[in-house]
Amino acid sequence: MQFKSMVISNVEVSPNYFRMRMSAPEELASAVPGQFVMLKVNDAIDPLLRRPFGLFDVGSFVPEYAGCGTQVYCEILYKVVGKGTKILSALHHGDLVDLLVPLGKGFQMGPAGEEKVLVGGGVGLAPLYYLAKELKQRGEKVRLFAGGRNRDDVLCITEFERLGVETYVATDDGTLGERGFVTQVLERHLGTGMRIFACGPTPMLNAVAKMSQKLGVPCQVSMEAYMACGVGACLGCVMKGANHSDETPDYRCVCKDGPVFDSFELQWS
Amino acid sequence: MQFKSMVISNVEVSPNYFRMRMSAPEELASAVPGQFVMLKVNDAIDPLLRRPFGLFDVGSFVPEYAGCGTQVYCEILYKVVGKGTKILSALHHGDLVDLLVPLGKGFQMGPAGEEKVLVGGGVGLAPLYYLAKELKQRGEKVRLFAGGRNRDDVLCITEFERLGVETYVATDDGTLGERGFVTQVLERHLGTGMRIFACGPTPMLNAVAKMSQKLGVPCQVSMEAYMACGVGACLGCVMKGANHSDETPDYRCVCKDGPVFDSFELQWS
Amino acid sequence: MQRPDMSVVLAGIPMRNPVMTASGTFGYGAEFADYLDLESIGAMVTKGLSLKPKAGNPTPRIVETQGGMLNAIGLQNVGIDAFIEQKLPYLKNVNTPVIANLYGNTLEEYGEVASRLDGLAGVAGIEVNISCPNVKQGGIVFGTDPGAAKEVVSLVKRNTSKPLIVKLSPNVTDVVLMAKACADAGADALSLINTLTGMAIDLDRRRPVLANVTGGLSGPAIKPVALRMVWQVAKAVKLPLIGIGGIMNGRDALEFMLAGATAIQVGTASFLDPSAAQRIAQEMEQYLVEQGIESVRSLIGALEA
Amino acid sequence: MQRPDMSVVLAGIPMRNPVMTASGTFGYGAEFADYLDLESIGAMVTKGLSLKPKAGNPTPRIVETQGGMLNAIGLQNVGIDAFIEQKLPYLKNVNTPVIANLYGNTLEEYGEVASRLDGLAGVAGIEVNISCPNVKQGGIVFGTDPGAAKEVVSLVKRNTSKPLIVKLSPNVTDVVLMAKACADAGADALSLINTLTGMAIDLDRRRPVLANVTGGLSGPAIKPVALRMVWQVAKAVKLPLIGIGGIMNGRDALEFMLAGATAIQVGTASFLDPSAAQRIAQEMEQYLVEQGIESVRSLIGALEA
């Protein structure tokens, strides 16, 4: 879908991290966790391209003001890293942005009864919140392993806990949770009968993918790539598939075939 | 001077016409009526170039809030015509803009005792207000002839009258003042012992310049041109001087040699 | 006033309006079906097709620049056979002409792809991308050498009965010379411009941003160069032209028509707005209505210069 | 850490930092004295000088485009004699090297302007603009033909003892070929790029915006093309290079140095911000401080590609 969305709120939840709620049409309620939005931050040519963000939440509320019934919204959680996100962070209630959403392939939640293990690094937590919400709604047992460089990078943990998710935190500098990599904490807990859903920096995903393959635990990873179109047309966002070689190339579009992949679909270094 | 200026206010005074007040350093108090500012409407590359605007007013006030003594300001009066002015019109108190000011050569007020005749069309009234203010401060007799397509184009007449300026208005459609061109009204009043100061669309200036030359009344005109640098460096804003010919070219920079010229300096068609 | 006549005929291909989608920016059409009505635009051009499937370049392949973007996709495509099997059936059901964009790494490949496409129902015409290096000739780009371009175009012409559009590279000293060479060799229409070769550098990593080091610049940044080239070629060559380069809205598109284009292509704009092609056609029509212009064809080459 | 060493020597001209102002965008220096410290930058390049005063083109001469601007000033300048009499005395009192940019409408004029400048105190070097049409040869641009460029540069070389910089046109198929021709002919350094030829159209009036129809595109839009050309030339030619094209800040400038430039020129940026040249030098230094880099010279050509 493509539509003009009104910014409902845009709040700094941690230094340099913002959570933005935007109005959406009713159909968006069927978006799958792991899908993403492509957002044009202004209607100028600077920045030129849309920016991709995972769906942090989708829901609905009844606005205070008259004349609007139930309002469906979507949320993103983003870190200010450059030109586009800086402009985003200055938007206010009432501003309009142009959205493409829901894009890509989301998480497959798997059979009931497994333990659902969510692993997120920094802003990689964003799509996991919407996933956790949906999983809890299905009555699943959900554990979250959250990592970051320091406490400011570990976002919205209270929100996860409010859903009933058991959370484990690790930071590089030990300012929150254990000191070290979240993958170390994860390794201690991991066992059969679990299913992993991971999103974060590539080195983290790399470690998680390898760990899961060793233990035979099914694992889905949400990847990032530089994107232009978001719809599988420009072929800018490709990643190497598991069987890729220079002779028999096998590229996957992160925007269309992903951003969520089964870890064994991709080539890990 | 180049400085960052804070927008103090930005008000729509007539449909599509805005009056914007911006903070300025003390030295600006010595700016001459007819000089102009080059304003960068944002810090993006779209739009790329600064935009030129005549000084509508320069003054000072004591802000309500503590910690700032007398605050010098400058004002511009602008019409929303394109990309840059549209962005300008959305600025609020507290926003910052980058200014170059005062630029160019302003009006020479001439000896005391003459009748000062101001002729303005549409947004061409902008620099005449600051001129009228300075002339009245010197105790001169000032008459204003203001024209426009319709009543909405005839700006800030009350402000001129409040200064003690006698005003005559003409509009193309007769919705304010006489119906017709302001130059027709002017022609009936014009006589010796007067000095003309004109700003507005080129056809109007053309008519005024010719009229003044016929009657031998000294006349200064404030010109417009597409500008890039505003400081006489790019040679983009030139106009033909009176003696210009293809063989003996004589170009004048509107930004540096003008924007105010004695009418006989230029070539009229 | 009745609705203005937006139709044009390009090298024998009738189109409901002058708006085409540019090769490589519209996938194989289906990718955009959710965002616009594929039957609202003039024509669709496919991603560049080669004889064999092509993997393209390593990543990163794209980067934004000021007012534009660089791409070094490396002409990744499914290959001509997969196109015919997997993509064309869908496109046949869309009532909009499909132009197959093709290229080769050698002279012979150009000829083979062209003959493979010849006679295929559902392909209204072919557009030959000559901005490719000739691997057999030390990598010199076909489209920057009039002799090589002439050879490619003549060969393709012999291998096709379809309308033949040749897409010109802007990375040349004299685009008119190239246009004339292609015209002489039998092109039925020319499209211009392809991307300008550019580069972006990651200062902190001290490396080129693109894995391929250089890439093709597209988007609003290149529009002035594209307009200039269309205008130059229109004055010198009698073939119908397709204007391409930084077209973002209806006004941009009409400017290219004034400069001499019979049709235009929308490229990068489809990334910013997947409905761009349809929107641009609407904006063009709207402008005609406002100005009381009866036929869009009356604007072709109507620049007073 | 002590302050990084920002100095470079360009073809024998010592500069306090690599930031020069680009010809035609900085007047004759004095115009900017209110906005920056002329003694804070590396060198100043004058507006292009010709034998006789030149009126330039009719107006409009400039227009903004997306991410750039077009200019068709037509090389209006006071002429070499007036420059020496009226402008040079002021510049002599500024402790910053002045490079005289020159051009001619014929081969001979190039030679004459060069010899007029030779031996002049206060002129540290000359930059030859070869992006001009040869009026005697049907208007073909010197800088797009290797033979013509060689002739011009050889002639100027014979007429000057000053460091000789040749400024390359980007409107060519192969900039390396042009660079080599100029190097062979005796250039001491090369500056690139001059503007890309472009055009803008006023849709409503159905006319070109510029009186001259076409103009030169400058600004951020052209930066990727400029970076690419600097990198290509740096790999192929041993001469020191000056990078030009869309440099707006210190990071842009340093990217050009990584690509192989010894110095850079700031053009259009001075219109947006008259203090740009000084600011850019400061931003470059600041970056070196942050990264712990001792000398800016260590970045020249340091791209890993």
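Note that the chains are named A, B, C and D in the order they appear, and that numbering of residues resets to 1 at the start of each chain.
Note that a contact is a pair of C-beta atoms (placed from the backbone, for glycine too) under 8 Å apart; a residue touches a chain by one contact, two chains touch by 3 or more.
For reference, the UniProt names are A, B = Dihydroorotate dehydrogenase B (NAD(+)), electron transfer subunit; C, D = Dihydroorotate dehydrogenase.
Everything numeric in this text was worked out from a predicted model, so none of it was measured.
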Reference chain C (Dihydroorotate dehydrogenase); chain at largest CA-centroid distance: B
Length of the line joining the C-alpha centres of chain A and chain C (Dihydroorotate dehydrogenase), rounded to whole Å: 36
Whole-Å gap separating chain C (Dihydroorotate dehydrogenase) and chain D (Dihydroorotate dehydrogenase), where each centre is the average of the chain's CA atoms: 34
Whole-Å gap separating chain B and chain C (Dihydroorotate dehydrogenase), where each centre is the average of the chain's CA atoms: 47
Touching two or more other chains - residue numbers and ranges from chain D (Dihydroorotate dehydrogenase): 65-68, 220
Interface hub residues of chain A, defined as touching at least two other chains: 45-46
Chain contact graph, described as a line, ring, star, complete graph or other shape: complete
In the complex with chain C (Dihydroorotate dehydrogenase), residue positions of chain D (Dihydroorotate dehydrogenase) that touch it: 65-68, 70, 144, 171-174, 196-201, 203, 206-208, 213-214, 217, 220-225, 227-228, 231, 246, 251, 254-255, 258-259, 287, 302-305
Contact footprint of chain B on chain A as seen in their complex: 44-46
Parts of chain C (Dihydroorotate dehydrogenase) lying in touch with chain B, wherever the complex brings them together: 66-67
Residues of chain B touching chain D (Dihydroorotate dehydrogenase) in the complex: 1-2, 40, 45-50, 98, 100, 225-239, 246, 249, 251, 256
Interfacial residue positions of chain D (Dihydroorotate dehydrogenase) with respect to chain B in the complex: 24-27, 31-32, 34-35, 47, 55-56, 59-69, 71, 73, 76, 219-220, 248, 268, 270-275
